[in-house]
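Below: a set of structures, written as structure tokens.
What follows is a pair of complexes built around chain A, which joins chain B in one and chain C in the other.
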Partner chain A sequence: MTPMLALLQQAVTDTTGAYGHFPGVGGRGAVWVAAEVHLMFAAFVLGVPMFAVITELIGIVSKDEKYDKLSHEFTRLLVFAYSATALWGAMLLFALTTLYPKFWAHMTKIFSVSMWIYVSLFFVESFTLYLYYYGWERWQFGRGKWFHWGLGVLLNVWGTTVMLIANGWLTYMMSPPTGATAEGLPKGVTMWNAIANATWIPINIHRLIANAVFGGAIVAAYAAYRFLAAKTPEERAHYDWMGYVGNFIAISTFIVLPFAGYWLGREIYQYNQQMGITMMGGFMSWLWIVQAVLIGVLFLCANYYLWLGMARIPGAERFVPYTKWMLLLLIVCWIAWSTPHTMIATRDELVSMGGAHHPFLNVLGVMSAKNTAVNLMILTTFLSFLIYRRANKESVVPWARTGTLIQGAMFVIAAAVVLFYGVYGYFVEAIVRIGFSVYQVGAVLMCILGVSIIDAFIGRGARSRGEIRWGQMPERSQYALFVLAVTFTWLMGLMGFARSGIRQHWHVWEVMRDTSPDAFTPALGYAANMISLCVLIFLSLVAFIFWLGGLAERASHAVAPEPHGVAIPPGIAVARPGAAPVTGD
Partner chain B sequence: MTRLRLFLRHPFWQAVLLLVVSYLAFTVGVRYVPPLFRVASAPVPGSVVLQYMFIAIVGILIFVSSDELRWRTFKQPLHATLVDQDKRWLRGGLLVAVPVLLGFATYQQARPKVEAPIQLRSIHPAPPGQITFRGKAMQLSGLENPLRKSGSMADHLREGKRVYYQNCIACHGDRLDGAGHYAHGFSPAPANFSDNGTIAQLTESYVFWRVAKGGPGLPREGTPWNSAMPVWENYLTEDEIWSVVMFLYDQAGWQPRRWEASPEERKNPTGAKQPAAPNAPKAGGAK
Partner chain C sequence: MWKTNLKVLAIALLVVGFYTTVAHIIPQLQSEVPEALALGSGVTPEALVAAGEKIYNGAGGCTACHGLGTRAPNLITDYKGQGAVGARCGTRKPGMACKAYLYESLTQPQAYIVQGFDPIMPDMRKQLSDDQIWAAVAFLESQGGEVDVTGEDIAKSAPAKGAAPAPTGPAMTATLDPVALYSEKGCIGCHQMDGKGGAVGPSWDHIGSRRSAASIRRKIIDPKSDTTKGFEKFAGMMPATFGQMLTAAQLEALVTFLANKK
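And then the complex of A and B:
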């Protein structure tokens, strides 16, 4: 009885004055929404500048105005998005100080200096953005343009540094340094040790890539919105092209994201087995099935968009017959990837299976099958990009056929390596099997790299089979871009919950216990509802920002009207109404 | 013949056919084809069939709509059914049939049933970092089977065999496949050690924890567990549990999962002690 009383007394001491109350969703729900929506906006304002600075550079180097215009258009959205990010950040801060005062006091005790640096950088970042945006016309030519581009680079540097600091705080909650207690850090352990903890670098890399993906997806969704609302063929052409560029950046960066995520998972596992198993084999393992379904949607949408886009490219007809086989492969891989190991079944079904594992489909439930499936999906998506790029080109280099054969061989070898290690993985012990994923990933990355290099040389001076008819894109393709953006956003919320939820009843893992009434892992249905709410809030605000973007553009046109709606930059072929539709058959 | 060919070439009927073929493959195919090649199989649970059919429908829709001509041809019968004058009876029939079918499906989902509700079950509950075995604290992370470094392996396996056949066989079966004499009385069924998804994925310390603490020792996360596994620490000694764990791996033909070396261990393979780094993992992790 005495130990129980002591525990009770401890709980009362820990809880008194430690938590505030929030009506309706409760303290945890309020912090959840504020943190998630803030994070989504933060990803927006970090991802889009990456996009803007890359496209501006392409514009400077290629002297192609349309890239500069694209970059400028996105920077305009950033100005609004920064305010939203700051507002949600303030809401998160107020929520933490009022609803979790004891926990927040612990965090400020350890990280106070970094918090001041964070705020200062945010300040500098905002003013760099204003200079970048409002100085666009002033520094448009010559050396001034390079100075302007330098501002864009600085904007990214500040933004990334801000992200690195915040990542230090949240990863500290997962993997605090040895010896940390609820009272603070032990002697000899500095704030830097708390920031540069065991999972800091992997999450930095993962988020950096994810932000680029997210930026591309949001850009594509904006373009889709403007495409559907376009009044003139020029507008349609411009936003069709913009959607393609956004999708290209989103998917090409997305291809490497699973590898970074795998590394993060591995580091979490290595830091603490319990967190690792909760994440991959325990309660949170169901999220990975949901994730597999969603990532399958992403791959399918990305490919679908490209295949639809091929209809507006002269010469693409020769590749169209292959797309149905690529689709079949993607579907088979999607099925394999999303097959649960432990199945949800009725009592009768469990009896007929002899347990929660299906005697035949069981083979698809383990990592060997899943790694194989995802790597083959990546290869297939890369192949879609390749044929899309090549569709209207006719190589003039004498070794074009040999080069293409080598590229084909690279695909075959990469697929063979992936399949070999996928199958071999069933015959070796777990610790060896984990190492196989490195060979599979390596083969896929080498293939992507090798094929891209050859393709760059094959495409040198290539003859055109005809201009891409920008704007002549079916409207349903634009909904695929919306689905991409929504799915990416939902995935961010979902996997963020997985990463955060594995701490279970700890504010800071094994350092500071959560003694609030919310110290339980929420059911998946509740979590899904909360994530959907965050996504809905974020996307509604983003839709408002998109609308504001259009409004601001109309306002500028009112001052200097274009003769035919939105000016179409040079280099874009416009599809006029009545032009012959291109069918794949 | 020509009609059949036209029918098979029409995207709408291709889609319908693909849908039917997919459904049959997931339900009949998976159940009956593998046994033809002497591979065990069973009916696919409804939840998984639903998931597969969702994927199949997405795939079929992408197939019919990824080409403009195919998409227009696909929509023709749908359009005709919705607007053509001579199809008003079909239209009326669908107007009745579709809501009735949806209503029936909803009723099937919502009607009270006597069977237990379907549960999401985690197959690998997360182990605690530390347990107390008969008053002795044991750190599970990084823990190896001590019997592998002491005494005769044959003796340990003989002892493990004795423990298994005296205590475990009734549920886990003679072939360690979870099909013991009492297995049919349990839901969920006892663990199948011959399956590559059970002990093959785990360290010996994990299996030790499961045997020692049984169903009552499962973590609160992911409850209810419905495990009938007894708390074997009440009946077996520490060595007996380690020996039966060793026996399970030996008989099932799996290697226990090894602990991954920490960065410090990799730098210092001789095992000489190093001062703890501030960011060192809390405990050696496993994969």
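And then the complex of A and C:
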């Protein structure tokens, strides 16, 4: 049977029973919202535990109580977020079974075993979480603490496995193994082949990193809110610090995300050129412009937050004059990056442009310019971090000056490499140019690595120019953290649309066709409305969870008023005369 | 505290609103589902061309590659002085008329690879129905050439109801000469033999020392079986339709010929 005939037959047998109706947003809209909100919560409950165990470990090793407290605070949020995840998961499941019964039957036929494993793991995961949270006080010391930390690790293991299974299902829809038909898998192709399909591993990596980013951003937003609501300087100091840590993790993991993205893109191209091209140059080409706008905002806000943070560091004044140049550079790069490149041109447009590329957009819009811009933005952000770290330190090692000069040289070399290949890229074939991005990225990564290593040594036993005055932060800075969190959430929604939109009118690419009236892939405007709707639902629920967290905290204090309450644990300096000694960042 | 809450809310709405607005001011492209056509045998060339233009610019996804001139040759504008596709289609393969060539380009795109490009064009039968493909052919012909697609072409290649699908592609000839089959059936697009042909798949020189006749036969009928070492990346590229395009005698002629190329 030719594929076309099979599809025709499918269309014929697709009676009205294949799709359900949903009032208002329609079937697709309902599944969209349920899936996206579920995914956002899932990212939350995967990202935040990563954090919790890392901070708990730092707490155990450094014996610094503030880390333990931070970790505990994250976990409290998790308990509520967990139920929300399960709830939205159930909604998604019901939406799929009632609105897309035929498609869902196809999926269950192939994946049923993995679905049972999935729910069992979910169950085990919840129990681990309850033990982890409610056992906090019980296993606080000695070996008990390590056991407790082990629970945290297990929590991550379960959570990640659950994600890997779900990723198997959705990547199957993008890149099913050869031979799959609407009737199921051919002989010799197992469920495992369907799970471990061409895009599975890259999506796993991409999502794992993105979850860490997302966890950090949400934690930072939580801290920002508590900072604004804080009544005492101690509280302000604690939440200022928490916001800083969250943001630091979000941004530093975010920097590696594009590389995982490139890899995923390459796998998609390799699986099916047409799908890859639809993604980057087809009707979706404009999506990347919107993405560039969002990422530009992310970089600007992250840097802005760091620059404002210098105000709480004595000695940072020396660096303030440079920030305006960095701002300028960021903006120039942002503009270059958001310039459109490959767009579908109709015949008339082609004729009127006199070629496939717009004469002006052509210069800024091609990959060379974009890669250069992004790499320079990453370098600039790294520089901000570095300045921030250095601000209150005075190195005591004799070679400090030379070291700094070498660091400076590394920056210059990396920037020069990026620029050189950026410009040279205009003079070579596309296929050669793609290779250049590897050199650019390599130079930036080498610079980050080399400079960090030198910095660690320069900072050894450094003299302090004064303590970081945690809590002494203008309120504006906290709003920057909100913008970051909202932007990350929206970005996740947008990328979700890109990932599932490139399948176009296929439930399962070239295996099962979408024959519903909603089969077309909507334009970005409509998609943006849906994304915004999901983001707002998610954020309101998260706000509710934060509020509940506050209630729970107050309740637990009312029951057992601890002597130190929200008082600042040792190790945090408060913006108050005579505060405890500081350990820096 | 309410003031703070309101401020946070305002910020969130502002940011979300900003992104939504950006997404609304860019061009609104929506990806359409290929429209089912019902072009009968009485269809006019104009109707075919109009339907084909829609497919070309829309659901066919052709512009994603052909709209740029770098990934795939321009079709509706000149390509390297050979004219638009309607003008050059008749000169691509000796002895193959424009219509047959275009149909083959869409259904067995690997059978002839335009020089300087990679064999990335997908077999459009997975995406489009037969009348849609013929409509696209008519549209391409109209770009600098003459439209000679008729309703009969559609009727001929459409699968008869209930019966096994009729072989698609250019009409079968009865030749039993393996070398003629080599070029006629498009193996030449991917396999080299005596220094001729494309280098996508393994060369046919000495193939008989690698594979038995049975293995070659199976490979032609079911190309997914037993992928050649070193060509794993290209597995799945060889069209699976040869089993239906060759008569039993032709298949045996090719198999014997290849098995003897030691």
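Note that the second predicted complex is superposed on the first by the 539 of 585 C-alpha atoms of A that agree within 3 Å, B and C clash if a C-alpha of one lies under 4 Å from a C-alpha of the other, contacts with A are read in each partner's own complex, and residues count from 1 in each chain.
The definition used in the following text is that a residue touches a chain if its C-beta (ideal position, glycine included) is under 8 Å from a C-beta of that chain, and two chains touch if they have at least 3 such contacts.
Here the structure is a predicted model, which is why all the values come from computation and not from measurement.
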item: First, second, both or neither for A:Val417, with chain B first and chain C second; value: neither
item: Which superposed partner A:Ile378 touches (first chain B, second chain C, both, neither); value: neither
item: Touched partner set for A:Ile458, first chain B, second chain C, both or neither; value: neither
item: First, second, both or neither for A:Leu539, with chain B first and chain C second; value: second
item: Chain B versus chain C as contact partner of A:Gly179, first or second or both or neither; value: both
item: Partner chain(s) touched by A:Ile448 [first = chain B, second = chain C, both, neither]; value: neither
item: First (chain B), second (chain C), both or neither touched by A:Thr323; value: first
item: Touched partner set for A:Val293, first chain B, second chain C, both or neither; value: both
item: Touched partner set for A:Asn272, first chain B, second chain C, both or neither; value: both
item: Of chain C and chain B, partner touching more chain A residues; value: B
item: Residues of chain A that lie at the interface with chain B and also at the interface with chain C; value: 178-179, 272-274, 277-278, 281-283, 286, 293, 297, 342-347, 350-351, 355-357, 430, 504, 510, 521, 524
item: Residues of chain B touching chain A in the complex; value: 30, 34, 39-48, 51-52, 54-56, 58-59, 62-63, 65-71, 115-116, 118-129, 140-141, 178-179, 184, 187-192, 195-197, 200-201, 219, 221-222, 254-258, 260, 262, 276-287
item: Chain A - residues contacting chain C, complex; value: 1-5, 8, 11, 178-179, 225, 228-229, 272-274, 277-278, 281-283, 286, 289-290, 293-294, 297, 342-347, 350-351, 355-357, 430, 479, 482-483, 486-487, 490, 501, 504-505, 510, 514, 519-529, 531-532, 535-536, 539
item: Chain A partner contacts - residues on chain C that touch it in the complex; value: 1, 4, 7-8, 11-12, 15-17, 19-20, 22-24, 26-34, 36, 57, 61, 63-65, 67-71, 74, 76-77, 120, 122, 125-130, 159, 165, 168, 224, 236, 241
item: Of chain A, residues touching chain B in the complex; value: 175, 177-179, 188-190, 193, 196-198, 266, 269-278, 281-283, 285-286, 293, 296-297, 300, 303-304, 307-308, 311, 320, 323-324, 327-328, 330-331, 334-335, 338-362, 365-366, 426, 429-431, 434, 474, 476, 504, 509-510, 521, 524, 581-585
